[in-house]
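Input: structures, listed below.
Across the two complexes that follow, chain A remains constant while its partner is chain B and subsequently chain C.
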Partner chain A sequence: MHSYYSFVTGPLAWIAFIVFICGSIWRFNSLWQLTKKKDSAVFEYMDRKFALRSIAHWLIPFGSRSMQLNPAMTVATFLFHICLFITPIFVFGHVMLWKENFNISWFALPNMAADVMTFIVIGSCIFFLWRRIKLPHVKYLTTPLDFIILMIVAAPFMTGFWAYHQFPGFVSMTIIHIVSGEIMLMAIPFTKLFHMFLFPFTRGYIGSEFGGVRMAKDW
Partner chain B sequence: MSESKTVNDNKKTESKKIEDQGIQKGIEQLTPERIESVIRQVINDETGARLKVYVDTCLHCGLCSKGCHFFLSLKDPKFSPAAKVKQTLWEIMRKKGKVSPEFIKEAALIAYTQCNMCKRCAMYCPFGLDVAYVMSVMRRICYKLGVVPLYIQDTAHSHSVAMNQMWVKDDEWIDTLMWQEEEAQDAMENLRIPLDKEGADIFYSVIGPEPKFRAQLIFQAAVIMNAAKENWTMPSMPGWDNSDMCMFTGDYEMMERLKRLHFESALNLRAKRIVMGECGHAFRSVYDVGNRALGWRMPPIEVVHSIEYFNELFEQKKIKIRKKFERPVTLHDPCNIVRGRGLHEMARNIVNATCANFIEMTPNREHNYCCSAGGGVINCGPPFKNARVESGKEKAKQLFAAKAKGAEVVIAPCHNCHGGLEDIIHHYGVEMELKFFGDIIYEILELPE
Partner chain C sequence: MNRFINSVMNMNISGITLTAIILTLTFAITTHADDCFTVNGETIDANSNTRPFVCFQHDAHNEKAGLESCDRCHHSYDDQGKLIEGESSEDKSCSECHAGNVGSQKSFDSNRLNIDLAAKYHKLCRDCHITEKKGPVVCGECHKR
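And now, the complex of A and B:
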């Protein structure tokens, strides 16, 4: 068990971070080069003011009509994304790891808060799953990969909760937790999870088109 | 009650049964090899990161559904914007172009007749993915494969032969202008429609259907221009038609020829700017798509839609009205000039300057529902009329709601919207009257002595 643990926290962790960072840079760069080569007009119409205006409206909860028409989805999406980012960075166990391994530390979340946030992430994933199964217009679009991505995202939180609370088999669960987190990191550049990096650009571009050329709102 | 019952009546869409000769004959000539090579050519040579990002980034969340009047009207998941991508380019890119002629047939029906390219969904997608663009790529592929609905292809043929949409011959065009000039002289003595005048402030252009079916609009425009004492002109030669069905079939080479001729007609006459009649898609072709295809970031000469022009007339007090239009009106915001050019507030200024009673329809402005006719859909002709009108059910509900608040007249400053709304109004028994801004202004205009 110990050797597994050292592997997943040692070499595999390094690999995961390298794949995540290098993969993201590679994917981003290849899209950037392709845009320069084939869609150079995009740069011509990109407008910082209108791009930021659009991004801001879509980063404010209920800032767009689309969000107002789908209140449950809006609440779930915002809470989900906030907790998805904050929890792993500020959960006590992770802060300790950074402290032990690199001697850098920062604020850690109270355990209660981390638990609540973990539940929010898992709950939102269940809500997203429900949408994919129950809503006909979402079901029609859903592919097997969408379920896998949902699992990839939910797994680190479910296993982390299990391991932290030392439920039966928590030692193995800790290893699964670490591996699942690493899978998620490595999946980002190669799956739709990459949307986190593309959002400012797709939103910014349509915002620039609507603001600069069409002189209309896009929210 | 019976009216709203008609609207809520849930009929199955019949689009699957529709046979179109253009599409049918087109796919009979296809082989898998040809399909693959055309798709590769379009995707590799004509598209790039935008298409890739739009197709790859879509998270299949379905939020775009509420942006699409097809989905809202038909309640069928196949009609959500993302579903249309799924049934077209998503599949094509996944299979790297190895799709069957049958697939192309379905894809053509979706791209040409089940999307008005109104870009409303881009405002409902959190990522701002532009499904209208993806549909235009699908149309481009279909066009290059020779799979285009018969009726719209006929208008595209007309464009390439006569340089106008309606097979109007050169002499018929001049004849129509002279006829309308003569008619208008009854309303206003000494009225002129000046042809090919050099250095005019305004180069006035219209769409092919105006001389063909709605010549009174030219008459009305002439009266308004003369009343405002404008230094204006219309071209006597091809280049007068600003419309563009080639933009919608995917025939971009022809679209470029049309736009070039139109711009050059105005520039050769050293006109200061182009003012266009009340048409949406023509504005899109001149202000947004055609100029870009020709390599101009923005049009090479200022292009002004009628709404902007009329608004200017009232702001600068160039025309006077006798009295306000009394009957209660509501306003339909056309996609191409509202989501396409933000003219909604100017349109409201005109309504307030001309009408005594204005009732907003909801949703409005950028969020208004499409007429279901735009994007070339109405131009695909009779085979698709029933399906088109059914996809306007949500629009009919919106009109009924405005009518319930008292509106009797719908102002729709776009030709396609007129066609589409007319069919919706008839089919659902909405019983409202349709008007252009030009109709209203002409009716209440105070003619100078």
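And now, the complex of A and C:
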């Protein structure tokens, strides 16, 4: 157990950070080069005003017509994304680890809040899973990889909840929790999780094209 | 619930027996608590994000770990920050050196939670447990519910 713990909190953690950062730079660069080669018109049409206008509308809950037509999805997706980011950064156990390893610290969430936010993330993942299985227009676009990505995202939260509440086998579960977080980090550059970095560019381009060429709203 | 109360009543426990049970339980709990050492408990108040209290049984731990010298944990450093081999510091409390800067941590200030100190003793315990390949390392192994 001790050697597993040392490995996952030592070398594997560094590998995960490096793969995440370098992989993201590589992915971004390769997409940039591909756009330059295959679709350089993107750079011509990109317009800061139209891009920011579109991004702002899509970042505001119910700021687009699509969000108004799908209220359940809108609520789920906003709560999901907020909790997905806030919980791991501000949960007290993680704040403590930053303090121990890098001597930096910040605000920590009350335990109860972290629990509720964890539930929101897991619940939203179940909702997204249901959509992918049940709704024909979502099912049509779903590949097996989408289910794997959902699992990759939900796993750190399920294992973290298990470890925190010390359900049976929580010692091994803590190690699985660490590994699952590292898998998620490493998956970001190579899967559609990369939309966390691409979102401003894809949305910005659509906004630019709709605003500058079609003279229409894209929200 | 009523059935449970009735069955307890039917046991016909006399006042003396009940007092004896309560006294035994109280004694058991307090003697257990006496074995627990807190690390500078005065700097840490329980708040909404602290973990459960850790019962560190000093003598039992040292016996189990085969520790003979106190300075393995109660270390001592000179003015240059160099470890003084063989000199122990069990006459001091951890916070005399590792109090950290409670005032600088605004978000923790209201709760007086000194995470500088907590980080220090977490590392002291865990690093040794990893080196020795025995003893608790993950959060819940010490902070038992």
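Please note the rule applied: the second predicted complex is superposed on the first by the 219 of 219 C-alpha atoms of A that agree within 3 Å, B and C clash if a C-alpha of one lies under 4 Å from a C-alpha of the other, contacts with A are read in each partner's own complex, and residues count from 1 in each chain.
What we mean here is this: a residue touches a chain if its C-beta (ideal position, glycine included) is under 8 Å from a C-beta of that chain, and two chains touch if they have at least 3 such contacts.
These numbers come from a predicted model, not from an experiment.
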| item | value |
| --- | --- |
| Fit or clash - chain C, chain B, common chain A | fit |
| Chain B versus chain C as contact partner of A:140, first or second or both or neither | first |
| Angle at the Cα centre of chain A, taken between the Cα centres of chain B and chain C once the superposition is applied, in steps of 10 degrees | 170 |
| First, second, both or neither for A:41, with chain B first and chain C second | first |
| Touched partner set for A:100, first chain B, second chain C, both or neither | second |
| Partner chain(s) touched by A:165 [first = chain B, second = chain C, both, neither] | second |
| Partner chain in contact with A:31 - chain B first, chain C second, else both or neither | first |
| First (chain B), second (chain C), both or neither touched by A:7 | neither |
| Of chain C and chain B, partner touching more chain A residues | B |
| Shortest CA-CA distance in Å separating chain B from chain C in the superposed model | 36 |
| Intersection of chain A interface sets (partners chain B, chain C) | none |
| Parts of chain B lying in touch with chain A, wherever the complex brings them together | 47-50, 52-54, 56-63, 65-67, 71, 77-78, 80, 82-83, 86, 122-130, 288, 292, 297-298, 338-342, 344, 363, 365-367 |
| Contacting residues of chain A [partner chain C, same complex] | 1-3, 5-6, 92-93, 95-96, 99-100, 103, 105-112, 163-166, 170-171, 174-175 |
| Parts of chain C lying in touch with chain A, wherever the complex brings them together | 48-51, 105, 107-108, 115-116, 118-119, 122-123, 129-130, 133-134, 137-141, 144-145 |
| Contact footprint of chain B on chain A as seen in their complex | 31-32, 34-35, 37-39, 41-42, 44-45, 54, 58, 64-66, 69-70, 73, 77, 131-132, 135-143, 146, 192, 194-195, 198-199, 201-203, 205-207, 210, 213-219 |
